[in-house]
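Data block below; observations after.
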Amino acid sequence: MTVDLDPPRHLVAEAVARAIAEDLGPLGDLTAALIPAETHGVADFVARRAGVLAGTACAIEAFAQLDASVDVEWHVSDGAVLDAGTVIGTVGGPLRSVLTGERTALNFLCHLSGVATATRAFVDALDAKTRVLETRKTLPGLRALEKAAVRAGGGVNHRGSLSDMVLVKDNHLGELGIADAVRRARELWPGRGVEVECERAEQVATAVEAGADLVMLDNMTPDQIAGCVRLVRAGNRPETLIEVSGGLTVENVAAVAGTGADLISTSAITQSAPALDIGLDLRIN
Amino acid sequence: MTVDLDPPRHLVAEAVARAIAEDLGPLGDLTAALIPAETHGVADFVARRAGVLAGTACAIEAFAQLDASVDVEWHVSDGAVLDAGTVIGTVGGPLRSVLTGERTALNFLCHLSGVATATRAFVDALDAKTRVLETRKTLPGLRALEKAAVRAGGGVNHRGSLSDMVLVKDNHLGELGIADAVRRARELWPGRGVEVECERAEQVATAVEAGADLVMLDNMTPDQIAGCVRLVRAGNRPETLIEVSGGLTVENVAAVAGTGADLISTSAITQSAPALDIGLDLRIN
Amino acid sequence: MTVDLDPPRHLVAEAVARAIAEDLGPLGDLTAALIPAETHGVADFVARRAGVLAGTACAIEAFAQLDASVDVEWHVSDGAVLDAGTVIGTVGGPLRSVLTGERTALNFLCHLSGVATATRAFVDALDAKTRVLETRKTLPGLRALEKAAVRAGGGVNHRGSLSDMVLVKDNHLGELGIADAVRRARELWPGRGVEVECERAEQVATAVEAGADLVMLDNMTPDQIAGCVRLVRAGNRPETLIEVSGGLTVENVAAVAGTGADLISTSAITQSAPALDIGLDLRIN
Amino acid sequence: MTVDLDPPRHLVAEAVARAIAEDLGPLGDLTAALIPAETHGVADFVARRAGVLAGTACAIEAFAQLDASVDVEWHVSDGAVLDAGTVIGTVGGPLRSVLTGERTALNFLCHLSGVATATRAFVDALDAKTRVLETRKTLPGLRALEKAAVRAGGGVNHRGSLSDMVLVKDNHLGELGIADAVRRARELWPGRGVEVECERAEQVATAVEAGADLVMLDNMTPDQIAGCVRLVRAGNRPETLIEVSGGLTVENVAAVAGTGADLISTSAITQSAPALDIGLDLRIN
Amino acid sequence: MTVDLDPPRHLVAEAVARAIAEDLGPLGDLTAALIPAETHGVADFVARRAGVLAGTACAIEAFAQLDASVDVEWHVSDGAVLDAGTVIGTVGGPLRSVLTGERTALNFLCHLSGVATATRAFVDALDAKTRVLETRKTLPGLRALEKAAVRAGGGVNHRGSLSDMVLVKDNHLGELGIADAVRRARELWPGRGVEVECERAEQVATAVEAGADLVMLDNMTPDQIAGCVRLVRAGNRPETLIEVSGGLTVENVAAVAGTGADLISTSAITQSAPALDIGLDLRIN
Amino acid sequence: MTVDLDPPRHLVAEAVARAIAEDLGPLGDLTAALIPAETHGVADFVARRAGVLAGTACAIEAFAQLDASVDVEWHVSDGAVLDAGTVIGTVGGPLRSVLTGERTALNFLCHLSGVATATRAFVDALDAKTRVLETRKTLPGLRALEKAAVRAGGGVNHRGSLSDMVLVKDNHLGELGIADAVRRARELWPGRGVEVECERAEQVATAVEAGADLVMLDNMTPDQIAGCVRLVRAGNRPETLIEVSGGLTVENVAAVAGTGADLISTSAITQSAPALDIGLDLRIN
């Protein structure tokens, strides 16, 4: 089940405004000035590779901000599975505006569809029991959009920012034990999710006992993971969520599938997701 | 020869401010509140993989904006070649601030070093005669920083925005021939670089004849490229720059090396550059 | 136990910048021009009424943005209990700047100390078992600062925004039952706090059974509240947090104290908190 | 006579944009995601207490920014006197958007109607001869909106910022006498209103003689005020405006009514105005 | 007597930030990259023509924002009378930064000194009795800085914005007479300056009688102006300020000098002030 | 041939938003409040002097931002030659909004038409062979709009920012010779225009030989210019563009016309262009 919530509209508008400003420069598109102002054009967004679509809200916004007389029609929606050759949408209007807006629209579409595609690859490598999360390793300024793209790819979202949830790592502990850290987090921030990063099974046991909502198993082998899952499920807080993280790839993640973990998280779907190749094909009259 | 020009300071400041805002959220770092305010920490930025460093200005700025009492010392500079294990820099100050700023600083370092590393891979696959350019396929809001990272990786920069240079593609031509397009571009925008995208040798000949500063050979085979280079060098404007673009990878770019082209351009070094793995290791007292 | 986390620095800076811009206008302080530029002044922030201090970060920032040569020294910190007459801090510098910055600094101090003072009044009317939360009924543009002031007053913070936690109210349910809503929220947003607003004990039972992290008892009498607390504590998820909300005042909240509820929430401490009267007394040479 | 001038449109837009950004967070409304996207809803803004309406421009803007497909119809206008139960307006559209925007719209309406209601209470406690002014003790970032709400409540506005008028207080004088201060203010800022804060009748006489446009009687008793009014009206500049300020409440202000003062000013109507309770009632099909 | 109030600091910072952004572009100063990073330079700001200095705060800010290691020392202050050849200030630091910041600093200095110089020319053409005001015909985005420059040139400032004062022109009147307009303005906006634009002596009489603070004599001949001055001074509100406006030049304004008008206003000192020629001379070692 | 490219839309929107904010202040137009809200008005933009029109996009945007119910119709377009009395456009809507927006719209129109008019005067003083360029001596914050106005006046644009082209001046050279500077610029920034400022014919020869795209002849006499033109045209890179700069006026530029220079550049058309007098005439019913 995918969440269909779009990214907040103002975040789309701000990201697109920045992208247009950086692409147009002070004079606008010098090359477009070669085209007669009255020439009209129609062009199709076409997937050049198979993947999952995301970022249509940004592409729409790009043309809306650039020239309100450009029409954009979308044939499929965020989350759609694309084949190489799928016509995703069509844009029509003054040719100058179509060509000037092309790259801004595509830069969002290609990156965010790349995120969605990478997410889907992890989702498909797992069974339905284990969900895919992004991390905070996102591209600066694009986090909210990347999170929406993760949802489009069938993933779910981890915390939105440092002020949403508590995630206790080794570095936070100092002289504090895990149990004290969880207790103190509960006192300070009642009602928030509390997660503990664990490197050993004993830590998992302690964290669950202390009442953590999630435990993150960091850089464990599938066997270690399976052991921790059994440990949690057999305890008195079996609903505690188990997140697996660290060095996961589409190839090695399948080994996690059978362990019964609830969640895996990976920066491969945001920070290192290759762009999905989408192009804009101008129709020739 | 690498350009040592840093990205403009205000662009660094703005990008970092956005990243901090999106990572901190309204309350700040809930987890850092577990740490006593007076605890001090020192940590090292360490490369986990070999690569080329970029983005130090952003990492410095991240801590400066977050907490002016944090000190950051840098042991190597942008453009440095890193081995797995190289200690890049050291950060010291209130432990809360060190941990809160860690991810923002790393997100810039990892992405921009990823860009520099990918650029360097292309540079190393070519000979010194052929330079590496980025394209406009950059991540929205990060273009200026990515361009600086390309320079750190040994590449050079293509136009900064649509208002810098003229780049005539097939879609701009309509009923206008290449020669007329170049002539008109010269009239409209005297002194600007004028480039023409060419798919066939005849177009190259026409473009050079018309006085283009650069010709872009799009999706040609190495043989076709070599033919075009010979054509240009044998003509009466042999200094015309020849840029090769389209589908280049670190693997196939070597075949371009021998052709004598001046420049290659690829989106693989920006839009699809995987993050370089850099971490922050807290020193334990 | 109070959280000592300051509001994020950039949010302080932005709020103060807006306040200075709106108070200075295009010309600056016309009246300050009557004072010779070289006149120096020292003044004390003095509480005119008893209360709890908050907002010192904003007051410091106001003078820092206005004139870096003004020194501000603070004698007590956010969270301090003030008597009428307590000298809170001292500001010294060019008299023009001291007087021009006075109102901006005080507007933050008085409002945020008003929030802290109102929070403390609720805290003091309850026993240590029951904590005080703000709601989303905050003053537009000031939420993060008000949340920090709530912490200064001894309260704890509810969700920072709509994207932190799930809070299911009657209006969200439609044809969905409470149990289905909780289950679906868990699927969509794993690891997030899930709260259900309940108007009747049966709803509480259902919500707890479905695995809610918190139940909000809306507009119930103390007896009803006590009944719900017993219900929850006697069940198999006794750690579920119980929040009491709706129409609470410093007077009537004491009746909640004995019920065993974990949390009360009220808009009286943000949207309707009267300013704490703090003034700036210029020392006469 | 009330001024019907709306707050400047761009200030409404900016304040609303900030409020939406702080309420939505990076992901938007997690809870709204439980509602099917196609569900439509209609809801009424209803006054829960008697008061005076203000802030409708902000409420309209909130929904316009959030989702242009939401319709808002307003049954009464800013300045309208509301009874408990008055239906103020109706909003209809996608239920998700209606619920997501509810709190932002209400936070403006409740605070600004609170300001208008408090203003009206002072207006009603006085006779028509004496007008009600706000002070600079406003909530940071909301001043222009609060000033419009003061007008909606039947008050009039004091200076918009420090650069509008000259208001000489004791702290500005130093070695300068009142007469010299007024003369110098006239020279520096011709055509601006010049006001002098006075604590004694002699100061009033001096200020009027020197040509002040307004005198502010600070913390005087009704008898002292009446004496000053007589003094001014009997002099040769009887049209000088007399403003009474300091410690006024709805209760004690009536004693000013008979004194003949032109204006009273109070921070109680801005900084300390309690929110007017307005709710949004979803219609059940 | 000149007002020595600087323009508000945040307005200087914002205007300079915009100027730097538009001058640097995404890559920064391509040409400065030719200079070795370690080369140091010292340069002098020198007036190439006689005039009056303004804008030093902007020039300082330009270098401060660009590179904090650049030192700027100012030998004279805003308002100083410059001869051709006067050395105004000295800047030293990394040569790259000195040259990159040169134009931004000079663009402010030259325009604002042009405003001050033009203002001074009007001031000098009048006698001390008649003061010089700017109008609202300012360059968009630069009004506050231009107003400070007018003060530097010995002028005084008219209203800062439409929300400071009331200025009734023919177009505002409709069916309302001047007397009713003034009365209504007094009711709506107590304490504000009220000015009436008059084209005939009868209007002046009416406006003064109605209690206007200022009358603006629009496009009258010196004789007509002198007549209006006599009319006002002989009446019972002789202190009413008389402003002369419309088509004034440095040449024809002298004829106004003898009329006894209090103020003249002209757009020639803002919108049409030619830049004062100031250059930056690099010292050669 | 004039370039018909409008300034980028977002730059128009931002400049207008700043202008409205600075003109309206916190309360809006106090004087407009005298006009009944329902009064409608129609007014014509009329040229009071002959000139060339520019800035219509800004005028349209001003009313659109202020009040969407105002209609603006434009009878001529940017670049049109206006006689004194030409009716440029018509605006109709609520009279309050028409009058409130008048000055903002006119400030853009008058300044930008002033730029276009000054540009046209230079264009007309030259022959078609020699084109007119602006310099970087533009008014801070208005550069992009001024560049569009230069195009409207028949000029062409020099570099948009420091990151577009390389322009080597004496100060950049240090120990580097011109030939080395050009070579290094080519290496660092391939494809960019490279220009060299020259004060003597030998420098011109060196620069052309080194492959500069443009040479700027700084402060040369017409004879010297003609000599340099002959030198370049007789060489082996005769297409090198020759720009003449320094101390040009409409009067003395004619002497350049016969020299065969390609371009002249002058700050007189931006920084020192007097406003074109355009007014708004309200139609009387």
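A, B, C, D, E and F are the chain letters, set down in written order, and residue numbers restart from 1 in every chain.
Here, a contact is a pair of C-beta atoms (placed from the backbone, for glycine too) under 8 Å apart; a residue touches a chain by one contact, two chains touch by 3 or more.
All values derive from a computational prediction rather than experimental measurement.
The chains in contact with chain B and with chain E alike are A, C, D, F. Pairs B-D and B-F differ in how many C-beta pairs touch across them, and the larger number is found at B-F. The most distant chain from chain C is F, comparing centres defined as mean Cα coordinates. Centroids of chain C and chain D (each the mean of its C-alpha atoms) stand 23 Å apart. Note on chain placement: the centre of chain A and the centre of chain C lie 33 Å apart, centres being C-alpha means. Here the spacing of chain A and chain D, counted between their Cα centres, is 44 Å. Residues of chain F in contact with two or more other chains: 3, 22, 24-30, 32-33, 143-144, 157, 160-161, 163-165, 188-189, 192. Taken chain by chain, the contacts link every pair, so each chain touches all the others.
By the touch criterion given at the top, residues 17, 20-21, 24-30, 32-33, 37, 65-67 of chain F touch chain D in their complex.
Against chain D, in their complex, chain C makes its touches with residues 15-16, 18-19, 22-36, 39, 41, 58, 95, 99-100, 103-104, 106-108, 110-111, 114, 136-144, 160-169, 171-172, 174, 176, 181, 184-185, 188-189, 192, 267, 271-272, 274-275, 282. Chain F makes touch with chain A in their complex at residues 3-11, 143-144, 147-148, 157, 160-161. Contact residues of chain D toward chain B in the complex are 22, 25-26. On the chain F side of its complex with chain B, the touching residues are 1, 3, 131, 133, 156-160, 163-165, 187-193, 195, 211, 213-214, 239, 241, 243, 262-263.
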